[in-house]
Amino acid sequence: MTAVTATAGGIDRARVARWLQEYGVYVAVAALLLFNVFFTANFLTLGNFRTQLVQAAPVCIVALGMALVIGTEGVDLSVGAVMALAASLIPLYLGAGPVPAIAIALVVGLAAGTFNGFLVAHVGIQPIVATLALLVGGRGLALVIANGQLVQLHDKTFLELGTGDLAGIPISVWIAGLLSVVMALLVGRTTFGRRLVAIGGNRTASALAGLPVKAVLVGVYAICGLLAAVAGVLATARLSASDPADIGMLMELSAITAVVVGGTALTGGRVRILGTVFGVILMQLVRATLIKHNLPDSTAQMVQAAIIVVAVYVARERSTR
Amino acid sequence: TSREAETTSQTGSGPAASAAASQASGPGCTLEKTGYPKVDVKSAIVGFSQSEKEANPFRIAETQSIKDEAAKLGIASDKLLVTNAQSDLNKQISDIKSMLDRGAQLLIVAPLNSDGLQPALDAAKAKKVPVVTIDRKVTSAACTDYLTFIGSNFVEQGKRAAAEMVRVTGGTGKVAILLGSSGNNVTTDRTKGFKDELAKTAGLSVVAEQTGEFDRSKGQAVMEQLIQSNPDITAVYAENDEMGIGAVTALKAAGKNPGKDVKIVSIDGTKNAVQLVADGGYNAVVESNPRFGPLSFKVLQDFADGKEISENVVISDDQYDETNASQKLGNAY
Amino acid sequence: MLEVTDVVKEFVGVRALDGVSFAVRPGEVHALVGENGAGKSTLIKVLTGVHRPDSGEVRLRGEVVSFDRPVRAQEAGISTIYQEVNLVPLLSVAANVFLGREPKTRFGLVDWAEMNRRAAELLGGYGIDTDVKRPLGTLSVGAQQMVALVRAVSTDADVVIMDEPTSSLEPREVETLFSVVERLHEKGIAVVYVSHRMDELYRICDQVTVLRDGKLVHTGPLGDLSRIELVSMMLGRSVNDIREHGATAFGEDHQAGREPILQADNLSSGVRLSDVSVSIRPGEVVGLAGLLGSGRTETARAIVGALPLDGGTVLVGGKALKSGDVGAAMAAGVNMLAEDRKAEGIIPNLSVRENIVLAALPQLSRFGVVSRDKQDKIVDTFVKRLRIKVSNPDQLVSELSGGNQQKVLLARWLCTKPKVLLLDEPTRGIDVGAKAEVQALIDELAQEGLAVLLISSEMEELLDGADRLVVLKDGAVVGELSGDDLTQDKVLAAIAGEAP
Amino acid sequence: MTAVITDPPDTAAATRRELMTGVLQRQGAAIALVIVVAVAWFSFPRFGSLDNLRDLALQSSFLAVIALGMTFVIITGGIDLSVGSLYALGGVLAAYGSQYGFLVALALPLAVCGLIGFVNGVLVARTKMAPFIVTLASLLFARGLLLAITDEGSNTYRVPADSAFIELGRGTIGGFGYPVFIALVLCVIGAVVLRRTRFGQSVFATGGAEQSALLMGLPVARTKITVYTMSGVLSGLAGALTAAYLQSGVTVIGVGTELDAISVVVIGGTLLTGGAGTVLGTVIGVGLRNVIQNIINQIGTLDSNYQSVVSGAFLLLVVVLQRSLARTKPGR
């Protein structure tokens, strides 16, 4: 009898845990929003939400690509460097107009991603190491291209990307939202997406099932590079300057954190796009809350550490014993 | 170059003159006292250890100034050794040691940090090589561990920024501080100087201080947050120009009028910031002068000539405000 | 010796054990049988502290025990060979045998020389003559299984549990294993033995416990039960129903086409394959026979392009396949069911639906977008046709039992409408019921004109199922048998090197 | 009993070949090191000078101590991103502790960093959270703690000039600093522990096949907790040595050190997936990295921005080289 009740209790707890694992990040975002509504001055203003979304947009775009890579059991440490590369190219070609400049930045991002993918898929190097090389060298290259200089940008059309609105919503937020939808469809509905997840789940089996493993991997890293370049372009437009020395600094860690906090495990085989978006929003709100309450850097870093641990603890894959 | 000439010529004449007179402080140091050999600067092997990548205007101008002055003095390019520590303290130590190995007879060092260079200084001392530290003072002993420090007084810069702040705000308002990187003593000094000076004016209070890591985009992001939660901020003190410019972008986006509704004062003197002052979107910039070339070599020459070298050689820091920004734009780096 | 009473173990959604009691006495060889998913492995994991039971007790020598980790069970004298080979591939054979109880020198350091010597001696005692310093992963699955066996019995255990130890062993190794069990029996050690192979059970076990759907169905002396009674208990069907089936579910010979659809000529790859040639006609089942490590798996992998070739060609319908390209082989209609279901077959994190349609995705999509309707239709068809037991197609494939996972994999290949199917151990580790179904299915497919290459370690299955046998030894073809030559003696003679 | 399983003669040959390529791969870094050193020796007269070698050894010793801990962590299939922060924290704590004497200066950083490492280990081993993310959190945490201790970084603790602790960082034997010998001794101990103890074997087993190790009764959780604690302690120790060497608890060190440590471990042939690796490889990796740095310095004219391009390219080169050596392995 006691045994039975114990079982029932156990199942209930398991169910709660499962539910939290699935929806934890949404709960956390909601909780943090509530906290801010009550304890943060001037939180409930349109301008504030706008700020949070605008700041989150580039991270979100990078995190989308990162989520795909993590889904294949990989990781891409070079995203920040790719952002810097993209940024360094903008001023060189802005003279020819914003479209060619952006196009070149994106092509280079795509190429950098493809290179990573090639190293991972064809040469067979561990993703961390393969992308570490570009993390170390990429920013240096960007600085070489830019001559180490920050360049102020004045092209109105280009800057519009960073400051402009469309139907009352900032353009960068539109782009991030649109890309999120595209990625969700890509993962959920396309051959490519399903293959990606299968490869992350069991690479040997996928290869034996005739899936084009290498091509898919290259594709995934290429998309990640491309998205990093998009983020680089948007961040540059928002800053109204090309700043290869600092743009995207530590972006890889922010993006990975967001993806993992959003419930995508680093072990691959699963991609949660909505979770990732909320992971980004959660971390953005955490940062905003810490700044708005004027906490010193030391406390802020320790609080962030604690939040990451708790969020990931809740979202972790459980083993049944 | 013309720019250096300008700087040198302005020493002691601009509005900054009083604060930036390169007066001797502390007992002097002489060749005799140290027992170092006399070295002819023009034919010596000179080593310059830069601390960070040349990826911002200050560092670029600083390295360039050393190189230019060496060229001007006719020092052969293979006799000027230049290293860059890439923000790695251990690397700076081995950089310095390796330049000593390679026969450097005179050293100019831009320390990455005030503390921690002792092993490198000891190595120089062992080889009787005088070390001039520039832009950042180290905590070791002058004349024994190193020859002298040439640079700005960061606390003083903070104070001057505060004085400017009082001037441009008329002595009332709420100030937000954009701090530099945590753990960096430039940040510490500029904050201390600013706060100490500001405390003398009752009408001004600091309502927020958050780190922008000396980075434009971080400064912008932090400012965006602050302006939302504290819409009554009327002034911003940024510990470098980059963060100040980031703040300008943030304020504009929030519908504020930087330079008018919200006053901005920062430290550095980069072209972009001074241009903003000239355009009226920014209130004042306290210069942190990176052109150490002429002074460094002059000090080394004086030392070789047996003259007395003071412990601190303060480089003159200029100041830009609405009255002089447009004329002095060429002077910004 | 070791007993459990009324254990219940529930996983999310499944009750794997439902009030099961089980006891094994010293010196007894106790068979634990049941269909796939009956709960045998789960029971063993409960006994050895891998899983904690939701309720119920485990007793060892009469005392209630609660192992919170496998190591506790080991310390208490329970030694286990788990179902999947559980060793460390990158470590050497010797290190694997002694992992956790390495011999030490005077200074407390691991004594490698002694360890290698003792490992070689131990393995040699069981007839395994291999370089104990080579990484375990370079051994074949069967050899690894033998190493696991040696490791398990070389500890001084009172209870030895073996979960399907023979599923990847060759006849000769099985004999070795039996002699080991015999020795344990004589020493008064209790043995729990899980297997789907009836012959084995009747040869070595005295007691039997039958599980079905997580419930205890029967326990008692094995001798009291006839095979058919035992099978009927496992399946929960009447004895008569079973009688209608034979030993295997294969039917008569097939009507094969004239021209071979698949022709593999002189395949060579390193030291593993030399000049292997195989051809299969539509509607024909060709068996690959040979001892463990004879290169059967390699042959199949070479054909499908999963093994880089040094030489040789594969023709499908007269056209040469690009070597080393699984995709190309698939496009030409050649598919392989891999022998290691877990490592090379299922994608554990995906649902049954997605596992089934994985290989056929391009056919089910337009412009790269997958059509849900077409997917559903296919999945539905195959779940019905292969009688895959799932609660719904969105269930994770990893939650299925072995047999059902195997059917999912078969479905994956069938929905690409293949011309040639290479089946590497398709019935390994699946229960009698599922096995018969798979065998019947193979028959049916051949009837429909599919060319099948069948690799199996069970002689019976090969002799009954195949129309023609190619015999391999050390990576080379040593004989081909068909028609009346398809007898066990002839196959063994071929392997032994006597002309068939 | 007749042999049931024998390696066929040609398979034995294949095994030998596999072993050879294994050796080659592991030695890939060593070969690269020899080549690089030879080139440097002949191209730059100052490279071989005793002073330069002493400095090279000293600079390498700090990273070697950190990378030693990282080697163990990576062999268990984990990763430790917190080492850079712990390194800095260790230095600050040592400098702080030095006012209370030698023992405190040494014990404080080891204890605190060890504790953070221990927490890393517990979280990784007991909650199944990914090591990457756990140690990323402690990277932040340790930095935060460091800032809290130093009053947001404005306060640099200095080691009193008369403290015996300074000797630890600055004393020399034959011109080579104490840290060099400490690092050497630790690496030798580390190598013995890894190869010749049960703990070492369970480190390999944990990384090679965790589930199997568990079922074989190895203390997997304890092994993990131990390696992360070790990594923490060693990072703290490296920090303490650095503090003794620099005579102060510098707050700005250790940024990005985790990536350095990971890359030298990987260059040394340790598999990031776990299950295989050597301490010697790591030591070689550290040597390789620092010799390259040294060469860049010897050239002297390289634009600072190019330096990181060269470092990145070099990392890539070594890894690709290693990979292609591993490729010659038959099959797979």
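Note that the chains are named A, B, C and D in the order they appear, and that numbering of residues resets to 1 at the start of each chain.
The rule is simple: a residue touches a chain if its C-beta (ideal position, glycine included) is under 8 Å from a C-beta of that chain, and two chains touch if they have at least 3 such contacts.
Here is each chain with its UniProt name: A, D = Monosaccharide ABC transporter membrane protein (CUT2 family); C = Ribose transport system ATP-binding protein.
No experiment lies behind these values; they were computed from the predicted model shown.
Novice: Going by the average position of its CA atoms, which chain sits the greatest distance from chain C?
Specialist: Of all the other chains, the one whose centre lies farthest from chain C is B.
Novice: Centroid from C-alpha atoms only, then distance chain B to chain D, rounded to Å. What do you get?
Specialist: Result: the chain centres lie 36 Å from each other.
Novice: Quick check: how many Å separate the C-alpha centres of chain B and chain C?
Specialist: Here chain B and chain C have centroids separated by 73 Å.
Novice: Quick one: chain A and chain C, Cα centre-to-centre, how many Å?
Specialist: 42
Novice: What residues in chain C touch two or more of the other chains?
Specialist: Each of 50 in chain C touches at least two other chains.
Novice: Using the touch definition from the top, which residues of chain A touch two or more other chains?
Specialist: Correct list: 143, 148, 297-298.
Novice: Where does chain B touch two or more other chains at once, residue-wise?
Specialist: Residues 53-55, 182 of chain B touch two or more partner chains.
Novice: If every chain is a node and every touching pair an edge, decide which shape results: line, ring, star, complete or other.
Specialist: Contact pattern: none of line, ring, star or complete.
Novice: Between which chains is there touch?
Specialist: Once each pair is checked, the touching ones are A-B, A-C, A-D, B-D, C-D.
Novice: Hey, which residues of chain D end up touching chain A in the complex?
Specialist: Touching chain A from chain D are residues 79, 123, 127-130, 132-134, 136-141, 143-148, 152-153, 259, 262-263, 266, 272-273, 303-313, 315-316, 319-320, 323-324, 327.
Novice: If we count contacts the way the header does, which residues on chain A are in touch with chain D in the complex?
Specialist: Checking each residue of chain A against chain D gives 75, 119, 123-126, 128-130, 132-141, 143-144, 148, 253, 256-257, 260, 265-267, 296-306, 308-309, 312-313, 316-319.
Novice: So in the complex, which bits of chain C are touching chain A?
Specialist: My answer: residues 8, 10-12, 50-52, 54-56, 304, 306, 326-327, 329-331, 335-336, 338, 343-350, 354, 358-359, 361-362, 365, 368-370, 412.
Novice: Looking at the complex, which residues from chain A come into contact with chain C?
Specialist: Touching chain C: residues 3-4, 6-7, 10-11, 14, 18, 189-192, 194-195, 197-198, 200-202, 204-212, 269-270, 320-321 of chain A.
Novice: In the complex of these two chains, what residues of chain D are touching chain B?
Specialist: Per the touch definition, chain D meets chain B at residues 46, 49, 51-52, 55-56, 59, 62, 146-147, 150, 152-154, 156, 158, 170, 242, 245-253, 255, 293-294, 297-298, 300-301, 303-305, 307-308.
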